[in-house]
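Input: a single structure, listed below in C-alpha cells.
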Amino acid sequence: MGSVGEQVGSAGLIELYRCMVRIRSFEEHAHKTFLKGGMPGFLHLYSGEEAIAAGVMDVLAPDDYIVTSHRGHGHLLARGGDPKRMFAELYGRVDGYCRGKGGSMHIADMGHGMLGANGIVGAAVNIGTGAAFACKYRGDRRVSVAFFGDGSTNRGTFHEALNLAAIWELPAIYILENNHYGVANPQSDHTKLKDLADRAAAYGFPGVVVDGNDVLAVRAAAAEAVERARQGGGPTLIEAKTWRHWGHFIGDSAKYRDPVEHQSWLDRDPIPAFGKVLVAKGVATEAELQAIGEEVEAEMDAAIEYGRQSPFPDVSELTMDVYVGDPQGTSAGGRS
Amino acid sequence: MTDIKPRTINYMQAVAEALILEMRRDPDIYIAGEDVGKFGGSFGVTGPVYKEFGATRVLDTPISETAIIGTAVGAAAAGLRPVVEILFVDFLPIAGDELFNQAAKIHYMFGGQVDCPIVVRTAMGAGIGAAAHHSQSLEALVCHIPGLITIAPATPYDAKGLLIAAIRDNNPVVFLEHKLLYAAKGEVPEGDYVIPIGKADVKREGADVTLICYSAMVRQCLASAEALAAEGISAEVLDLRTLVPLDKEAILASVRKTGRAVIVHEACQTGGFGGEIAAVIADQAFGSLKAPVKRVAGPDTPVPFSPALEAEFIVNAEKITAAVKALFAE
Amino acid sequence: MTDIKPRTINYMQAVAEALILEMRRDPDIYIAGEDVGKFGGSFGVTGPVYKEFGATRVLDTPISETAIIGTAVGAAAAGLRPVVEILFVDFLPIAGDELFNQAAKIHYMFGGQVDCPIVVRTAMGAGIGAAAHHSQSLEALVCHIPGLITIAPATPYDAKGLLIAAIRDNNPVVFLEHKLLYAAKGEVPEGDYVIPIGKADVKREGADVTLICYSAMVRQCLASAEALAAEGISAEVLDLRTLVPLDKEAILASVRKTGRAVIVHEACQTGGFGGEIAAVIADQAFGSLKAPVKRVAGPDTPVPFSPALEAEFIVNAEKITAAVKALFAE
Amino acid sequence: MGSVGEQVGSAGLIELYRCMVRIRSFEEHAHKTFLKGGMPGFLHLYSGEEAIAAGVMDVLAPDDYIVTSHRGHGHLLARGGDPKRMFAELYGRVDGYCRGKGGSMHIADMGHGMLGANGIVGAAVNIGTGAAFACKYRGDRRVSVAFFGDGSTNRGTFHEALNLAAIWELPAIYILENNHYGVANPQSDHTKLKDLADRAAAYGFPGVVVDGNDVLAVRAAAAEAVERARQGGGPTLIEAKTWRHWGHFIGDSAKYRDPVEHQSWLDRDPIPAFGKVLVAKGVATEAELQAIGEEVEAEMDAAIEYGRQSPFPDVSELTMDVYVGDPQGTSAGGRS
C-alpha cells in the first residue's frame, strides 16, 4: 500500500477518502428518504463497496468509458457525476440525468463517458466490451471499464463478452464486485469457485483478486490493468472482494447472511479504515476528516433537496425520445 | 346456500396454493428459479412452497435465465414437469432460444415423440416504478410462437384454477402473473379445481359494446363498465384469461351481440396482441360490426421510470371510458 | 430515354453494394458476425465487403450472438456505427435482451443522451429445407418493441436504398433479408441513393382490393394480382417495405380506395404483424370497408423439414388468389 | 490402450470397429446422394469423428440420455438408431424418426433416450444438463451425455449450463468434439485457449483432453466420467480432438483449412487406424474387417433405399403435433 500511497500524493489520498465519503453520504441520504416513503421504485445501495469505485475511477482518464449495473450510484459519483442530477433522477424529475425516465437503475452520463447503469444483470459486461472495441477500432488509447457483481458472472453474456474481448485483445477492464451474494444467493450456492477471478483463465487473460475494501489495493490493481489495456495488452478481470452493508435493495433485511460474518465485514468498513491510515501517515488529522464528512453531508443535503424540488417531466415527455430525430416515433434522424 | 364459508385469499396466495396442491399430487414437479427457495421468491410467491417441499423440489438457481429454461426443456423431455420462475417477463428474451426455439418446437419437430410439459411463471406489467427493464408486458412475443400456451389470469380464482391446468397440461405454458395483482383479493375454493385452458370468461354482461381484456386490465375494464353504465352504455367485459389458444368463439359471440369491440391491453399498442384480436373480429364478425374496432393500449414507448410518466403510460378506466364514449359519439 | 444502360444485379449484390458504399463514406461503420470475413458470409453476402475492407472492418466473431449484438450496443454508444449480421433470424431470440432491452431502449431510458445507431442484418423465411430452427419469419417480435425500426425489402432496388437509409439512421434497425430473394434480380442504380424509411410502395395499382405485403410475399402478391386480373379483379399490391414505423397513410389511402384488404405474410398467422395492419384498417378505414379484412398467412406451426410439408407451409400466389376470390364471393 | 482393450474383449472391439464403419458408410451414402441432388436441406457430416460417438456410446447403459448438435447422425447410429428411419428422415419422409418434420438437424429417438439433434448451436448443452437433472432428481443413477463442437463453447448457454451442472453436482457428461473449426472459424480465432477442456476449471469440475481419433482412448475417458457421474461425483468435460473429413456442410469446400494439416488428419483416420490395431492384436483378420465393410455397405444401401421409398407425409400432418393432445392447436392434453 505504501508505494502506491506515495505515488498518489497527499491531496490525492484525501480525494480518495472524500470520494468514498461522498458515495456513502449519497447512499445514506437516499436510504433515509426512501424509507420515509419519499422515493419511487427500488434502490440498490453501494454502501460498503465504496473503495472499489473510488480506487478504479482514480486511475482513469477523462475520456475513458465506464458502464455499470443496478448498483451503480457509486460509480457515477466517483466518476464525477453530479449528485444533484442523480437525486433528481432518483426522484423521477426532469432535471435528472435521464429526465426522470431512467431512475436509479438506469442513470447514464455521456458527459463522463458513463454508458449507463442497467436493470439487466450482466448487460454491462457486453456493453463495456463494445465500448472497448470502439476504443481499439479508433486506436485512441482509451479503455473501457465494466462494473458488475459476483452473481452476474453466471450469465452467459459474461462468458461471451470476455471471450470476445480476449480474442480481439480489447482494452477492457472487468471489475467484478464480489459482495458474495446475488440477492439472497451466496457465492457458494451459485458457483463452485472460491475466487471468481479464476474464470479469466477460461478466456486466456489475467484474473486478479484484490481486497475490495482497501482503496489503495483496488487502485493499484486497476492501474496495472488500465496500463496493460492502454498498451494493447488486452483485458483484465479484477475480482474485488467486498460486502454490502445493507440488504440487496432497500427493504431487504438480508437475514440470509450470517450475523457474525456480517459484523466482521462491517468492522472492515473501507472508509474508517482508510481514514485511520491517513491519520496514521499524517496525511490528514481526525478533525480534517471530520470536516470532510460535514462538507459532504451539506453537499448531499443540498443535492437531495435539489432533486426533491425539481419538477416532474411534463406528460408530453412520455412519447419523446423513443427514436432519435423524431419524438412522434417515425424516424427522421441520422447523418448523411 | 352452502355451509362452506367463502374464503378470501390474494392472487399471490392463490398461485402458491396451486403450486403446493400440484406438487403434493405429482412428485415429478419441481420448481427452479432465482431466489425461489430459502429467500421465498423476490415477490414472495414461492415462500410457502419452499417451506413445505424444501430445497430438493424448490431449487435456487444462479442468475442464468438460459439455463433455467434450457434445463427445464431437458428435464421435461426426460420426464419431469418443471415449473420455473423467470422473475420479470423482461428477462424472458434472455432465454428466447430456449423458450421459442426449444420448448415450443421440440414436440413438433421431433414428430410428436417428445413432450415438453413445462410452466414458466413470470411477472409482467408496470406500476411499481421499476422502469424500462422490469415493467414490460411482452405477451405478444410469446403468443406468436406456435407450440406455446399463454395464460394471463386476472383474479385469484382464475390464477389458481388456470395454474393447476397449466401444470397438468403436457405443453409448454407461459403463465403471466401481474405484479399489481399479487395483492388483489378474491374468493378461492380450498381444494384443487381446474379452469380449462382456452376459455374466456364474461366478467360482466352487457349489450352495447364488448371490452376485451386480460390480466390487470380486467379490473380497469370493470371499473370503466361501471362508469359507462352510469352514462347509459352497457358494456360487456370479456376476460380472455388464455391468449393462446384464443377463445375466438367467445369473442365473436360477444361482438356479434354488442356490435362493438374495444380491445384493451397494457402492452404497447403496435404489434401487441390486440392486433390479433382485432383481426379476428374484422374478419369473422365484420357483418355484425356497428362501429370501428378500437384498441386502448399502451403507447409505443419503453416504460418510463418517473411516476408522472409511468401513470400516463398505463391504461386505466378513464382512458377506456373515453375511448368507448368516443366510439358512441362517432 | 437516357443513355445509361440499366444495370441488373441480384438482391445479395444490392445488399453488398450498400454496405460497401456506406463503408467507403464513413470509417465508423464496421461489420461483425459469424464467418462474415474470410469465409465471405454463410450466404455469401459479405464476401465482396471483406475483400475491400479486410479484417479490421469486417470482423469474424465466435458463435456468440449475445456478444455480437451486445457489443454493438456498447460500440454504438461509444460512437461507432455497427452493422452486424445474425445469420438466421431464428438466432435473434438468443440476443433478445441485447436487442429488445438494450439496443431498443437506451436512447429513451437514458433520456435521449445515448444514441444506438446499429443495423442488425439477418435472413428470414422458409423454402430451403432448413427446418424449424433456420426458417422462421419473426418480424412480429421485433415490431412490438418500441425503439426498433423494422425493414423487410422485397427487391434489389429497395434492399440497397433501404439498407443505406438504415445505416445512416441513428436508431437501431433490424434489416430482414429473405433467403429466397438473394438470387432475385432487378435494376439497381450504381451510386448511392436512399429510400426513405417508413414509406410503403405501390408495386401495382388496382381498384378492387388491396394486397398488403412485404419481403418475399410481394412477388407472390404480384403473381396473384396477375391471375386475378385475368378473372376481372383489379388488385393493388402495396409493399410496406418498412414495418415499423408503419406507413398507415399509404395503407389507409389504398384501402379507402379499394374497400377491401387482404394482408399477406409468410409468418405464422397468430400474433403476426398482419394483426397490427388489420387492426389499423378495422379502426381507421372502417367506413370504407366493403368486406371483411382478410389475412393470408403461415399456419401456426413450426416450419417443417419435409419438402412436402414445407411447400404447404409457405403462402403462395394460389392461396392468395383463392382468398381474394372467396372475398368477392362472400 | 491395451488394458481397456482387454476389458472390452474381442467381440466388443469388433463391435466398436463396426460401429465406426457404419457411421462412415451412412455419411458417405448421404454425401453421394445429396451431391446427386436427391436430398433436401443441408447436411453436416460426421466422417472422421466416428471414434468419439463409438467410444462414448459403448460405455452407456440403455436408459441413459444423449443429446446432440447439427452434426448428430453418428451419435444416433452409435446409440443403436435405425439407419432406415434416419435416411427416411433425411429424405423428409413419413417413416423418418420425426415423420419427416425434423430432417438431419432434428432427429430424436426417444426409444434410445436420444433427446434430439439441434439446429441451434449450443442448445444441446442446456438440454443435456436438464436431462442430467432429471436423473439426479429421480435418483435413478442414469447419466446424460451432451455432444457439441468447439465453436459451441463460446455460447453463453455453455457457460450457464456447465455452471449449473457443477453446483447441482449433476450426472452430466459434456463431450466437446473439437474438430478445430466452427464453420470456417478456426479455434485460434475463436478462443485464446489451446485446450478447451480447461474451461471446466471455471466451474470447478474435471476437464479432460483425449485423442478423439482413438476410439479406445475416448472410451476410457468416457468410462471414467460416466462412472464418476453415476457415483454422484458430478460432471466432466471431455475434449476430444478430431477433424472432419469434409467441409462444414455438404458443398463447403473447406478451403480455409491448411491442406498439409488436413492431410495429416486424414492420415490419422480413426477407422483404418483401429483396424490395424485389431489385426495386429489378432482380434480380426484383414478379410474379416473387409467383410464387415461389405456387410455395412449392403445395410446402408438397403437403408437409404428404404428412406427413398418411404412416402412423404400427408399435407394434413403440417398442422399435427404442434400441441400435445390436440392436432387443431387448442390444448387438450395433459395428465390429471
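Each chain gets a letter, A, B, C and D, in the order it is written, and its residues are counted from 1.
Heads up, the rule we're going with is that contacts are C-beta pairs under 8 Å (C-beta built on N, C-alpha and C of every residue); 3 or more make two chains touch, one makes a residue touch a chain.
As the structure is a prediction and not an experimental result, all values here were calculated from the model.
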item	value
Comparison of A-B and A-C (more C-beta pairs in contact)	A-C
Per Cα centroids, the chain farthest from subunit C	A
Centroid spacing, where centroids are CA-atom means, of subunit A and subunit D in whole angstrom	45
Subunit B and subunit D: spacing of chain centres that average the CA atoms, whole Å	40
Inter-chain centre distance, subunit A versus subunit B - centres from mean C-alpha coordinates, in Å	36
Overlap residues in subunit D, where contacts from two or more other chains coincide	98-102, 106, 118-120, 154-157, 160, 163, 167, 189-191, 322, 329
For subunit C, residues contacting two or more additional chains	62, 64-66, 90-91, 94, 97, 101, 108-109, 131-133, 146-147, 299-302, 304-305
Sites on subunit D touched by subunit B in the complex	65, 67, 96-102, 106-110, 115-116, 118-120, 123, 125-135, 137-138, 144, 156-157, 160-161, 163-164, 167-168, 320-325, 329-331, 333-336
Contact footprint of subunit A on subunit B as seen in their complex	34-35, 38-39, 42, 60, 62-66, 90-91, 94, 128-134, 299-302, 304-309, 312-313
Parts of subunit C lying in touch with subunit B, wherever the complex brings them together	90-97, 99-101, 104-105, 108-109, 131-133, 138, 140-141, 143-147, 244, 246, 263, 267-268, 270-279, 281-284, 286-287, 289, 291-295, 299-302, 304-305
Partner subunit C, residues of subunit D touching it in the complex	40-42, 89, 92-93, 98-103, 105-106, 118-122, 151-152, 154-156, 182-185, 189-191, 256, 312-313, 315, 317-319, 322, 329
Residues of subunit C that touch subunit A when the two form their complex	30, 56, 59, 61-62, 64-67, 70-80, 82, 97-98, 101-102, 106-115, 117, 146-147, 149, 165, 168-171, 194, 197-198, 245
